[in-house]
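Next up: the structures, one after another.
Common to both upcoming complexes is subunit A, partnered first by subunit B, then by subunit C.
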Partner chain A sequence: MNLDQLGYHEQNLIWTGLTVLFIIVTSTIVGLIASFILRMAGASEQEQRRAFWGFSFAGPWIVGFLIFVLGPAIASFYYSFTDYKVGQPLKWIDIENYRTLLLGEGAHGRRFKQALFNSFYYTIIGVPLQIMASLGMALMLNREGFGIRWFRTVYYLPVILAGSPAALLAWRYMLNPNGGFINEALKRFAEAFFVFDYLYRGFIYIFEGFNGFYIGITRGNPVGPLKYTLPAVIAVLVLLALLGEWTRGKRSLATRSAELLSIAVAYNMMSIGLVSTRVDLSWTYFFGLLLLALVIANGAQGKRLLVKVWQIGGLSMVALSAFMTLRRADYALDNPDAQKYLIALLLVAAPIVVSFFGVWDRRKLQMMGGLAVILVLIILIRVIPGQLDGDGLRPIGSYLTFGTTIKDAKDVDYLEDIHPYEYLSVHWVYGLVILSLMGIALLNNYPRQRHYLLGGSLAFFGLLALGSFLDGQAYFNAFDDIAKAAGRPNYHFALFHQVTDVFPDKDRVPLWMNNELWSKPSLVLITMWSSGAGMLIFLAALKGVPRSLYEAAEVDGANTLQKFFKITLPMISPAMFYNVVIGMIAALQTFESVYILRTTQNEDSLASAAYFLFVRTFRQLSIGQGAAASWILTVIIVTLTILQFRYSQWVNYEV
Partner chain B sequence: MATLPKTLSKTPSFSFPTTKQWVNIIIKGLFYGALIGGALFFLFPLAWMIGTSLKTIQEVQQAQLNLFPSKAQWENYDKIFHEAEFYRAYVNSVFIVTMVLLGTVTSVSLVAYAFSRLQWRGRNIVFALMMGTLMLPYQATLVPQYVLFFELGWLRTFNPVTLPGFFAGGASLVFLLRQFMMTLPKELDEAAMIDGANPLQIWWFITMPLSRPAIATVSVFLFVGQWNNLLQPLIYLQRSELFTMPIYVAQKNNLQESPIPWQDIMAASVLFVIPVLVVFLLTQRFFTESITLTGSKG
Partner chain C sequence: MKRVLSLLVLAVMAFGLLPLGGNTAPEPAVAQDQDTLEIYITGLTEDTLNWFRDVAFPAFREAKGDDSLQLEILTGGWGDFDVTVAGWITTGEGPDIVYLGSEYAATYGDLLADLDPYLADWEELDQFLPAALDTVTWDGHLRGLPLLMSPRPIFYRTDLAADPEAVPPMTFEDALSFVEANSAVADGAMQQMGFMDIGSGLFDAQEFIAYIWSAGGELYYEDGTSAFDSEETAEALQYMYDRRRIMMPTETTAGLPPIEGYPIASGSVVSGIFPMWNMPATSDPIWENIAIAPYPAGANGEPVVQVFIDWLSVPEYVEDPSLAVDFLKFIGSQENAIALSTVAGFTPVRQDAWEELRSNNPVWDQLLQAAVDYGRAFSDIRASAELRPLIVEQVNLYLSDQQSLEDTQLFLKEEYDAILEENGYLD
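Moving on, here comes the complex of A and B:
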């Protein structure tokens, strides 16, 4: 029988039959293997029979997992190191794909970077808005009354339509800037009353300003001194929260912020360090110091599991780095450059290995602290002179001048020259933040020293924040002159200046999908349309809040706001957690809406990471790079999910 | 108005509402006003879709606020009904959804049965593994799956879209069904076991009939998801004879026509949305029930 003579549907039916047969046979085999293994292990007859049935029933999933998840996952990991086009032989190109994507090199790297920033926009801006909307809807509909059931149905309705091209196209038509319904309605609204007009134009002004700002900082141009402002401001905020009476909560705030920052910094450093051809030796020591500090901080608090995580994770990172170093040197141990790095890695690994032995008592803590001091001394002796001389710490010092260093374009060139590893130098500041927070947490039993450290750090980071901000201003002004002189567009905040310099005219309209300032918010708006999914989960949770709690609070004289923040919010925190996790994963995977709503003008400003992956793989058929992009996205999603589970102590599971 | 006599009979003499009652009435009015405003926001795109599909191409190009045209242009639908591609896409979509529904519901219920009604060594590990796959974004496996189907020679066939469903695709569906099956009484299985029934018979004759509400929920979710599914068909079908409704609608949009024939696009969209809408309105209680099944403890 020749399959090709049949229609597509008939062919599919035949393959379906074969697949069902395949599943039955393989599931039975899975069951047989399971019971055979149990027989070898000497389990009873009944247990073997149970295992046979259990594994056979779960067989379809197990077989499917192997074929469609595990196998492909391994394969795609392999592809990500190759230059692979379907139908052509594989070509091993090492970490080239990762280098392109992570360092943002070339046209594709730059587009990936922008796609990642777009995805973050959907996550950071879109998810909170969506959750607020769905919580508000749930609160409104959590009652009995006339027509409430009907409203629930209507509010949920968009969820079943949201993913479909039909609804997205309807939105696109409504958002048409010239004569689309929404702009026409807004125009009428603005014309109705002059105050509305100012509100409307004010809205456009703020909106474009914000998005212009976001686009400006994500363009990937060097941001100069301003990059030190962010860590400094974070430090000041956390340190301010630590002021006042010392409690356990404050201590854990210090350790947790230090930990989160360390994870972010370590990820960034490792990802750049591993794919970059050469990074300064000091980063290796710095990484080691960070790792050791984390091990000590967790060990001092008796968190044994976390200590293990950092020990094993850190050592495997060191092993990976050693491997990469060796590979770069073609596995020749006598290469002096490689030796330098290997020795550094050994010095980093040694204290971690030592920390495996013995229990975490006072003596061990003192010993580990001593090792940390030795590491610091090594850094001071070996690294700092080079840093001061060259690329690392010097810019920090030169930025603490409150805007007096940078006067004109010449200074910008000078600053660009003295720190070629600019993208890494900001990590020194993050490192200082982490170390001071960790120090404060470790000085738990020494209030005087803790106070000194807290005050000193606060003063230092406050000055740094102010200084770098003022210098950043000067830097931008100087840069603007350069850009103007050279006729280069879009430097830094050019877009921001452009949209905020003049207040919108009377006939200005939101440009929605046709403009990079509006395309991402448009997509967020459309996602908010389907907030009903989260609403349903909040509704179920609200039903579970016992009435007696509210009654007791009313007796105590609590007002509506107090009841909401002290009872409702804690009681529905599991639903909140669920919605945050699910919403974040969905936002990072945004694809359909981008695919339907993109046009040639807005493609770059709308493209999400998943869309980039789709285009690279299935349109441009560069499977290797698509696989690398998918793994980067996977690592981001899995890391964020794990972090959310780790920091979910605010979730109250006792009902 | 029907409630009026009742209230009158309750209050023997009519009196004006007190200040407090007035405040309550105003609050209630504001509340319902907000509710209706929300409902308008949620329903409007749908109404706009229908309204546009009945307009002429001249009307569609103008700046406009009116939802419905002065004269309904049913010809827009007529035009689509005369397109061979439309019927082909509809048949293909129905075919794919049917196959996926059949395969997924059967396999998912088998797996959920194993995780809820059977006691076996390794159950918890396999279950944890399955829940772990929820975290893995589908993008990670998309590429090699494509290569796999390419190697099998299945590109430009329905197989890559329908067959994966037969392997209990979708851990969240298994979880939902398992949660429901856990609530069924154990004694039923034990009684059947004593009568000499094997697990396969128990699954088919006892668990499946009792799980009907949960299976209906899973089917509805699957139906909606699959009917709207764009990505997999887009990647694998690649040939116009195989295109599904989402691709058909999306393609109408990509035509490089000027002016854009929005009325045609919206008419196609309306026809595309109708099955989902009907299914949703008939089964909306299953959606709310599914949440109470899985519980809110995320």
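Moving on, here comes the complex of A and C:
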């Protein structure tokens, strides 16, 4: 029988019948497999029967998942290691796609890096604002009264409309810098109230300065000594929080902060070092030391699961490094560089392997501490002659004494050379922060020593933060002076300088979608408008807060703010957690709004990671690199989600 | 119970396999395909699609003398075009004829059937504008047939121009003077634009390529590498930068208020590049005050009018393109070319179809004369899907004072060469 000889309707009927048949057959097979597995495991007849029927009915979903989700996912994972372009022969290229994207190499790598930064902007700036907007709306609507349901509907409506092209285009009209509703309203207010005028221009000044700086970083503009300021400020903030009476929560804060920073450093090293040429061996040892410290810290606290995670995760990374080393075209076992690197990896892996054996008693801790000291000695032997003389630790010493590293700056190229953006030396500061925090956590039972370490670290990182900030300022000024003297525009953080050199004139307006300084905030604004879904979740949570808690607080004399922060927020924290997780995932997957609102002027500043992979895959037909981008995005989303669950102690599930 | 069910399932499986297993020897695919001709058409109006469906195809069926022949038109926009066509080409299954834009011959290249064996001896091919035939040629072979063309000149409002005698400026220098005389900025916002590009901003990637050409440059050297490091590219970039700074003294200057209707008719735009569908109807009296002219030229170049060609191709996966090619020839006939251009609002690519159009309509007459005098097809743009974002990124950085001219040329050259190599355009 030839189906093509039949009419369309008959063909459709037959295909529908065959599809139903396929679903029945495959679902039954799923049930039979489940039943068979249980029989092998020695389950009773009744359990087998239950499994058969249960899995048979779940079969359509399971089969659908295998065919439409798992199958394509495996295929895309495979493609991500190839140079698959539609119409061209497919070639296996190892991790070349990942390397290009993570290192930001070439036009595509650079654009992916920028797209990732844009997605982070939507996440870090957009999600908190969206949460605040939805919580604010929920608090306003959490009362009974005439027409309240109507208001709730009105506030929810944008959720349905937000993704529609018509609503997004309406936003584009409203956000038109010249004559758009929003700017016209702002202008009228500014004309009517001079105080508002100054506040408004001040807001533009700060906002454009912040966005100009952010864009500079995304473009890879070197930030000079300021890159040392960030880890130092993080350290100061965490250390300040650890001051005062020592509690279990503070110990946990020290450990978890160290863990988070370690993950960040490990990720950075993975992206910069592991997939690029090769990591300096000092970094390999330092990375091993960090891993070992995390294993010891968790082992000392009896956290078996976390010990396993760091042991297995660490060894996997070591194995991957060794594998990649040998996969490199110019590396083989007889290559001296490869041999050195493999020996370093062995030395890093050895203490972690040792940590698998025995129970975590005092003796084992001492032994592990001894192995850590050996790694420290190796690092010091490697570092002291090379790094003190070079650009590694020297700047840190300079900042501690408020010295500067740019005294003899002659031209812009020189400045860029001494403070390149991806320079790894800043990781020494991150490493010191991690070691300091882990040391404080390990000195749990030694209050005096802990006190000294805490005070010393605070002074050290405080000086480092201040010194590097002052030098950062000198660096920026030097850049300006040199550029002006040379009569060339200042391309270093050009947008930042354009908007911060002069305070906005009276007629300045936000340029919204027409300018890269404002395009991302515009998108965040539109996202905030559609915060109704989060509002509904908050509204339901607010309804569940027992009235008796407020009454008890009122009896104790609590004011409105105290009731909000001590009762409302903790009680709705599960809803908050849900909104944060969902909001973050949605923000990292931002696509439709970018697709509709992009123009020639704002495309690069608006493009999200999801938009990048769409363009790369479906516009430019580079399936391999598009697949790699999608897997990187997946790993980021999964990692951030796991971290959110891991650090969700602030969520209160008690009623 | 379970055994009974298992047997039942096996029986059902066996039954399900019957129609497939019992399949008699399949008839040749060609014979089946010829019953239905599938065409994918992008971005044309409903009236045009109806013309294909209700006028052209019945006539074609009659000419073929085959009443069983069916036509199926698949439609889509340029927005989802790449995804759709990529899907067909990846799976090797899709429509017999695909409507393509100007730069797609280089994009799909060998994925489109070589139509030389079917079209080389067709005597009517001489009537097609040579630039249009170049557009549909890849690797020396015809990959389709040009269907419609859209010359894209610069339109000038002579009644708004400060000095009507200065219209049209034919050199970069004169064009800058013209823009300066006809632009106004007040209260940090543009009040009048001496020039507006097709995207209503101040820069467009296709326009940039046009200025390289009109400066006397090319996109590629003879060895196939990018010529973005040429003096002509520098001249084009400098011209676009100077023009931008006249209309937008700082990057924080706001643009024009939203324009309702046609920009050229708004009163705040004195000149600009627009496709004909974004211009008033040719019967509108405003055309008395609109001049049509080519893009200005650089010091060593000649003025240019970019010509965009829409064409019909036959994908390589079509086993026997003969029926599809017959349809292309039929649609490409003089009579159908005139009928289609009338309903679609585009210009036919056959020169013998212009006579009526030119004699009846002075606007089309001017437009086609400009295309004949200065026309250059927007074709042979290699790896265009990757080139456009690269140009947008790099030129935007230069125009907004974030990158020097030298660095812009260097990055354009280096990265486009890498793209060309990656896509197999360089040895």
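The rule is simple: the second predicted complex is superposed on the first by the 577 of 655 C-alpha atoms of A that agree within 3 Å, B and C clash if a C-alpha of one lies under 4 Å from a C-alpha of the other, contacts with A are read in each partner's own complex, and residues count from 1 in each chain.
The rule is short, and it goes like this: a residue touches a chain if its C-beta (ideal position, glycine included) is under 8 Å from a C-beta of that chain, and two chains touch if they have at least 3 such contacts.
Keep in mind that what you see is a predicted model, and the values were worked out from it rather than measured.
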item	value
Contact breadth on subunit A, by residue count: subunit C or subunit B	B
Touching partner for A:480 - first (subunit B), second (subunit C), both, neither	neither
Contacts of A:601 with subunit B and subunit C, given as first, second, both or neither	second
Which of subunit B and subunit C A:85 touches, first, second, both or neither	second
Which superposed partner A:55 touches (first subunit B, second subunit C, both, neither)	first
First, second, both or neither for A:173, with subunit B first and subunit C second	both
Contacts of A:498 with subunit B and subunit C, given as first, second, both or neither	second
Which superposed partner A:619 touches (first subunit B, second subunit C, both, neither)	second
Contacts of A:137 with subunit B and subunit C, given as first, second, both or neither	first
Contacts of A:197 with subunit B and subunit C, given as first, second, both or neither	neither
Overlap of the subunit B and subunit C footprints on subunit A, listed as residue numbers	86-87, 173, 178-179, 618
Subunit C-touching residues of subunit A, taken from the complex the two chains share	1-4, 14, 18, 21-22, 24-25, 28-29, 32, 35, 49, 52, 83, 85-88, 106-108, 111, 173, 176-180, 183, 219, 488-489, 491, 494-495, 498-499, 504-505, 507-509, 511, 514-516, 599-601, 603-604, 615, 618-621
Footprint of subunit B on subunit A - complex, ascending	8-9, 11-12, 15-16, 19-20, 23, 34, 38, 43, 47, 50-51, 53-58, 60-65, 67-69, 71-73, 75-76, 79, 86-87, 137, 140-141, 151-158, 160-161, 163-167, 169-174, 178-179, 181, 184-185, 188, 529, 532, 536-537, 539-541, 544, 572, 574-575, 577-579, 581-582, 585, 588-589, 591-592, 595-596, 610, 613-614, 617-618, 623, 626-627, 630-631, 633-634, 637-638, 641, 653
In the complex, subunit B residues that touch subunit A	31, 34-35, 38-39, 41-46, 48-49, 52, 61-65, 95, 99, 103, 107, 110-111, 113-115, 118-123, 126, 129-130, 133, 135-148, 150, 157-159, 162-164, 166-169, 174, 198-199, 203, 224-225, 227-231, 234-235, 241-242, 246, 249-250, 253, 262, 265-266, 268-270, 272-273, 276-277, 280-281, 284, 287-288, 291-292, 295-298
Residues of subunit C that touch subunit A when the two form their complex	1-2, 5-6, 9, 12-13, 15-16, 19, 22-24, 26-27, 32, 82-83, 86, 89-90, 108-111, 187-190, 199, 201, 203-205, 250-252, 254-258, 383, 385-386, 389-390, 392-393, 396, 400-404, 407, 415, 418-419, 422-424
